[in-house]
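Each in structure tokens, the structures are laid out below.
There are two complexes below, and they share chain A, which is joined by chain B in the first and by chain C in the second.
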Partner chain A sequence: MAEKNSSRLSRRSLLSMIGTVAGSTAMYNAMTEMGFADASHFTGPPQLGKAPPGSSVLILGAGIAGMVAALEMRDAGYKVTVLEYNNRAGGRNWSLYGGDTYTELGGETQHVQFDPGQYINPGPWRLPHHHKAMMHYTSRLGVTLEPFTQVNYNAYVHNAAANGGKPKRYREVQADFHGHVAELLAKSTKQNALDQAVTKQDQEILMTALKAWGALDKNYEYKMGRESGARRGYIKDSGGGLDSLPIYSEPDSMSNVLNSYMWRAIGWGQDWDYQTSIFQPKGGMGQVGKAFGIELGNLIKYNAKVVDIHQDEKGVTATYVDTQKGGAPQKVSADWCVCTIPASILSQIPMNVGGKMKTAINQLSYGAGLKIGLQFKRRFWEQDDGIYGGLSYTSQPNAMLGYPMWDYFSKGKGVILGAYVMGSGAFVAAAKPASERIKDALEYGEMLHPGNYKKEFECGVAVAWHRVPWTLGCSGQWTEAARDQHYNNMCALDGRIVLAGEHASRLSAWQEGSATSALDAIKRVHQRAMSA
Partner chain B sequence: MKIRLAATAAILALASALVSLPTRADDSQDIGTGAMGRGGAWTQFKGGEAVFKGVCQGCHMTDAKGAVGAGMYPALAKDANLETAAYPISVIVNGQKAMPALKNFLSDQQVADVVNYIRSNFGNRYKDKVKPEDVKAQR
Partner chain C sequence: MAEKNSSRLSRRSLLSMIGTVAGSTAMYNAMTEMGFADASHFTGPPQLGKAPPGSSVLILGAGIAGMVAALEMRDAGYKVTVLEYNNRAGGRNWSLYGGDTYTELGGETQHVQFDPGQYINPGPWRLPHHHKAMMHYTSRLGVTLEPFTQVNYNAYVHNAAANGGKPKRYREVQADFHGHVAELLAKSTKQNALDQAVTKQDQEILMTALKAWGALDKNYEYKMGRESGARRGYIKDSGGGLDSLPIYSEPDSMSNVLNSYMWRAIGWGQDWDYQTSIFQPKGGMGQVGKAFGIELGNLIKYNAKVVDIHQDEKGVTATYVDTQKGGAPQKVSADWCVCTIPASILSQIPMNVGGKMKTAINQLSYGAGLKIGLQFKRRFWEQDDGIYGGLSYTSQPNAMLGYPMWDYFSKGKGVILGAYVMGSGAFVAAAKPASERIKDALEYGEMLHPGNYKKEFECGVAVAWHRVPWTLGCSGQWTEAARDQHYNNMCALDGRIVLAGEHASRLSAWQEGSATSALDAIKRVHQRAMSA
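Coming up: the complex of A and B.
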């Protein structure tokens, strides 16, 4: 930032400018259509007490919501029946391993060829420490958790249209952005531009804070040297013996930093949902669904496609078709129904509930999502780039790379999440065959790991969520206006039917939303059952 | 130290709340979103066929015959529901059930083009054409 420019900055324009650069939160909104989630309300498993003798519940869907409901209601003494479309438990809680096959809508079947121990989570992959319901159930079911690395300072930020198309390290982008903003604020403070906003006494403290926060030197400048080097890294690190002096790296100019737009990548990990500590189940997110499935055993009827849901004053009957054996539609009845079928599917199933719930179900759009897992012959990102877990970000349509956060330093293979896209770009990917999605992802990845990515690639699998036969999309896309109008109608008990799932929560797309939604739903069902 | 840093953060937070993002006419600022174009719009697809192949066939399939799983995507081939052009326009723009609202991704021209394309292909032979103005009216 040129001296004469900053000296003329009014407080308003200064704040405007900082606001502009700090506006990277807009990125998190866009990336995390998964949302501005409220905190989980979970305070412990429900104390339902005893179910009325002989009472029963029908649960539709063996995803997280359905299985939390099934577990707790079983424990309370309800006779539980779960119908599940897939041949496995978990729903969107799902990992793909070598030997698995996945057939998407349109009929393309992918045979996953990963080595033993390798996997990809097409759906959720993080468990924030404050998602207490998920923490409770993973603990209860004996699922081992290991750390998930959200922020890796040594991973890359890449913009095809900046820095000559070369990636920068996350730490360089963050250090330069913080450093220049700190220097700018320090200058403005010294020039009394902040007099109206900050008292003289507070300005002294602010100056000290800026120096520390932005890695400024003794003159409050952000430039090449000891302080900035300690943040952004060195061309040559300090060492021992005679040849011990470090070679500092040169910070990028403020204008380059701003115009590179790379600052958009440096803040995701500061949001509540993404703050350390975050966990992942050892062996894949799908271990959670698997453990639930084992716990519930034969309470779950698999390969059951629900085609009708009907309630009357006595109970609820679901009609389903066995997708493997075929045959005539079968019926199963119970006193109550907890329906966790995604709204995108449920909107197509005849169900006699009130108009308000119907409207709530029909209005909910499902977001697009894309995940691609790529297996490489060797862990070049660790061996050549020094990247151990975490995420790299790119301007290309694959949006980011997620490095495997297990088996570090293994001399064997590894699976990279080669694309994690929500929204616009994910729709476009869904319109291509899986083989093309993978081919595209390899081209994009090559820009971040030139010389290795295509060369070391072995096999991959691509899941575009609008082609997933049992969800027709990724997760419910609520707008604020839609929440005001329809959310309570989505969640309210309608006769003997209650809905649950991430779509009936304010933690959109999070498993915690599914779990807490189910817990809230079954409490209300139980109350009604007790008073019936 | 925590309190001191918080003061800086508060200024930044205040400022960020006051100012909206700048806009630029290229997609180079979409780092980490995969948005493929400013605001995520599918400006790369020109004409009805390109929009259909670039986006719609993801769910309705290359032959526009739709697909069936736990739920289904309806066929657009030989589709009597396309007779009144206002219907597909409304569904594309505002969404309905499993069909997401695409108003933020497609321009009026693109919606008109793709409606005209679908209504005159895949066994559909509707002669009347829709214009971008017809789309605008439904936004």
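Coming up: the complex of A and C.
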């Protein structure tokens, strides 16, 4: 093991040298040669070694960051105490099921009335394959993952101001955009407009490629017919027997495609974060938090609202109140503290850290977010629209619909994510009571699924993240300028306190950011503990 | 019900009229208005009504076409007899499991040694969401479907003659192709080369769209950096804590992208037939055939090799031999015959139909195909390569790898589709014994998964379709010219005999073609029976 680590280290040093001397391309080539490409920041759980005898750590928050830290430090031999505000483990890793209640800031309580087996994830809902820390912990904790569908070609793209307010299918939007782009570039190539950029020989291959990729006809035009039909779909499919001819569909014009702005919808699935394969835990994202909670058992103290964090040269003491039982504030102390409380909350808790960390915490604003889960009597999106999972996009304030990606073809009910809104739209919605938010979402959804959406609706729940009492927002909003100035101060160990969470990562709003920030933080705490 | 049908009829007549008078665009618009777009040839099981009392049908072949016909005609009240050559239901709907044996033309028998739970589909393996007839029957028969992954951005694209023989990731190929196409078109736009085709106003939107879709930087260039990294992936991902900066990867040049021909791989997933959502039956495609077989019970006579088909004015008689028990040829008669025997086999069976149908049968050639299933000791493609399902493409004779799309993250074994070859390559491979085909596939696969593929291999099975005794090929190969001349003659009722199967459809090689051809055929048989 030691030998393996040292050989890894020397390879890494070599790479770093190549990078400095020869630039990133050379480094990339070298990394590929050496099998390093596509490296995650997570290359396995940290090999902390053994904790100094009798050493202890106080972890604030039983979200993903806090529980990753707790698990690894417990395994290394630290005495671990976790304080958690909620009565459950997970934090923003959270699924709402029938029977759950949720009280937001302002006092409105929602009683979730979903049927058994139905749920909504108010927080994160995707686990990309390359989020290797999350993959490691779901595997370690025995959480079953199933495929998540980001791109569904048969889902809708809707702009109330285009196409007569009617939705189009994702496949129509993408096929028409690709087709027209290919046709225009083929035209430019034929008119010698690319002669300076592309050799004549490459232009020939380019023409062949544009024809194949863009579904152009033999004249390099994107038109109604066999080629475009095979991409955008048919009015009537090919079939069997005597009545078997297809009826082609008519592509939209490039001008309509551009002015509809529906092309905005077709980039997402190509993004690293949303590329296949993506997964979700069977039964809801909250299964991950639940599994962590079971693993950590009574190391977690629930219903503990931290009201003060104080460090001195000997250790860290947190003062908390029991939100259920009340009573006098209690104290818990340890040698070290990994604080994963969101900066939005932490900025309100007295804590004696240096000015740099204080400023980093105070400057970070938190984004508003809104997610609404709607239960319907039957799966009309599958049965009537042929949509099995994936997302529909709309220009309306609800922004998108997410169809359930489990129990496909079920004859029973289903829960649609009826709104997933970030930013100002989420503030507007949150100003209304939950029932009004749901009513609005039904109006918006009706535009995509007319005749069914309002008719089949049963019950819903709406979570506006800046009214969630324990986060006051969905995630830290870093600008590039703020990163330059404050990011390292947010992450650096201050005495005996280190911060972790998605706000202390460059993977904002992702659980992988929480996990990798925790792993990076505890490595540094452990190093300090070993040298103390 | 009657009222609904008549209103549907009148809407259809109206549409047809609009199509004739105003052309297909108007018809498309009208169809969209009326909720008809994306219509399948399957709009529900056929409402045959009641069969004439005492009428009977003889169905030849218990593949998908034969069993769809049998099911519907049985339900309508026909006395149904199905003759099947094999000792199982399904035909090309077929999965091979451990313990199965398969003897090909030439006499070589393979004993499948897969572990329990492992399988390969030598025939069809995908069920697109829009194959509505298949969706109907899997639902009716209680076959559980699970998602099939066509496009996996993290899978490989490999051309032995490009990139130093090393595979690239699908995401790298697609991002670089899209990026360079966007950059070139942005350049053309800026140089006013599009002025005739696109208005100035639309050009502005086009530039914005190209930047977003193509991951161009602020100068509309496709370069190493933040934008391209978010598509093609990173040398090192962003992470959390202090050690969190990403390392960007270097895009390939347009010339390399074009000359690698790897762009050929990125069109498929956009095709209607391969677009999300696609499904597969849990446990193998053969579960569909099995479920049909159970449903039809003793209506199917197995091990029955049809050697003669004869019709007269009263009915149809098939003569068959029992391939297991031997003995004298036996005869079975019925009023009507739905013959689903592949044309490749049927052309060798005496059958008194007219010259037109005979010619249609005789002229149809069948494609060669090769599929190889390989069981490995561990799922190195998941554990080492981060590939969970989907396809890798290669220029080598094995053409592609298909990773198992079930039991993701299993610590156990897995079966890869190690070759899926159509055409001449399949002939070349089939000339060798199965063990040699498998050995070759291991060499090819080693190029994509060096160090693992040969090392982790356990056992395999190779099915070369033109050596499958009961089809002599994988599917009918129609040219456009042949369709014009012979297709209607293939499908038309000849006396009391009608043909069905993928060869009597415009969805060649798809089970949906088999199912819809059967439905179309039995409607016409039933009409004839009712007027007889």
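Note that the second predicted complex is superposed on the first by the 492 of 532 C-alpha atoms of A that agree within 3 Å, B and C clash if a C-alpha of one lies under 4 Å from a C-alpha of the other, contacts with A are read in each partner's own complex, and residues count from 1 in each chain.
Note that a contact is a pair of C-beta atoms (placed from the backbone, for glycine too) under 8 Å apart; a residue touches a chain by one contact, two chains touch by 3 or more.
Because the structure is a prediction, the values reported are computed rather than measured.
Touched residues of chain A, counted separately for chain B and chain C, are more numerous for C.
By the touch criterion stated above, A:129 is placed in contact with chain C alone, chain B being left untouched.
In the superposed model, A:395 makes contact with chain B only, not with chain C.
Once the two complexes are laid over each other on the shared chain, residue contacts for A:532 go to neither chain B nor chain C. Looking at the shared chain after the overlay, A:209 reaches both chain B and chain C. Shared-chain residue A:193: touches chain C; no touch with chain B.
Of the two partner chains, chain C is the only one that A:514 touches; chain B does not reach it. Judged by the touch definition given at the top, the superposed model places A:185 against both chain B and chain C. Touch criterion met: A:264 reaches chain B and chain C at once.
By the touch criterion stated above, A:159 is placed in contact with chain B alone, chain C being left untouched. Judged by the document's definition of touching, chain A residues 25, 27, 31, 181-182, 185, 197-198, 202, 205-206, 209-210, 212-213, 261, 264 lie at the interface with chain B and also at the interface with chain C.
Chain B makes touch with chain A in their complex at residues 1, 4-5, 7-8, 11-22, 26-37, 40-42, 53-59, 61-62, 67-73, 95-101, 105. Contact residues on chain A toward chain B in their complex (touch as defined above): 15-16, 18-20, 22-23, 25-27, 30-31, 85, 105-106, 157-162, 181-182, 185, 197-198, 202, 205-206, 208-210, 212-213, 261-262, 264-265, 268, 305-306, 341, 344-345, 347-349, 362, 365-368, 370, 393-400, 419-432, 464, 466-473, 477. Those residues of chain C lying in contact with chain A across their complex are 24-25, 27-28, 31-32, 36-42, 129-130, 135, 139, 145-147, 149, 151-154, 166, 169, 171, 174-175, 177-178, 181-182, 184-185, 187-188, 191, 193-194, 197-199, 202, 205-206, 209-210, 212-213, 215, 224, 229-250, 254-255, 258-259, 261, 263-264, 266-267, 270-273, 275-277, 279, 386-390, 408-409, 488, 491-492, 500, 502, 504-507, 512-521, 524.
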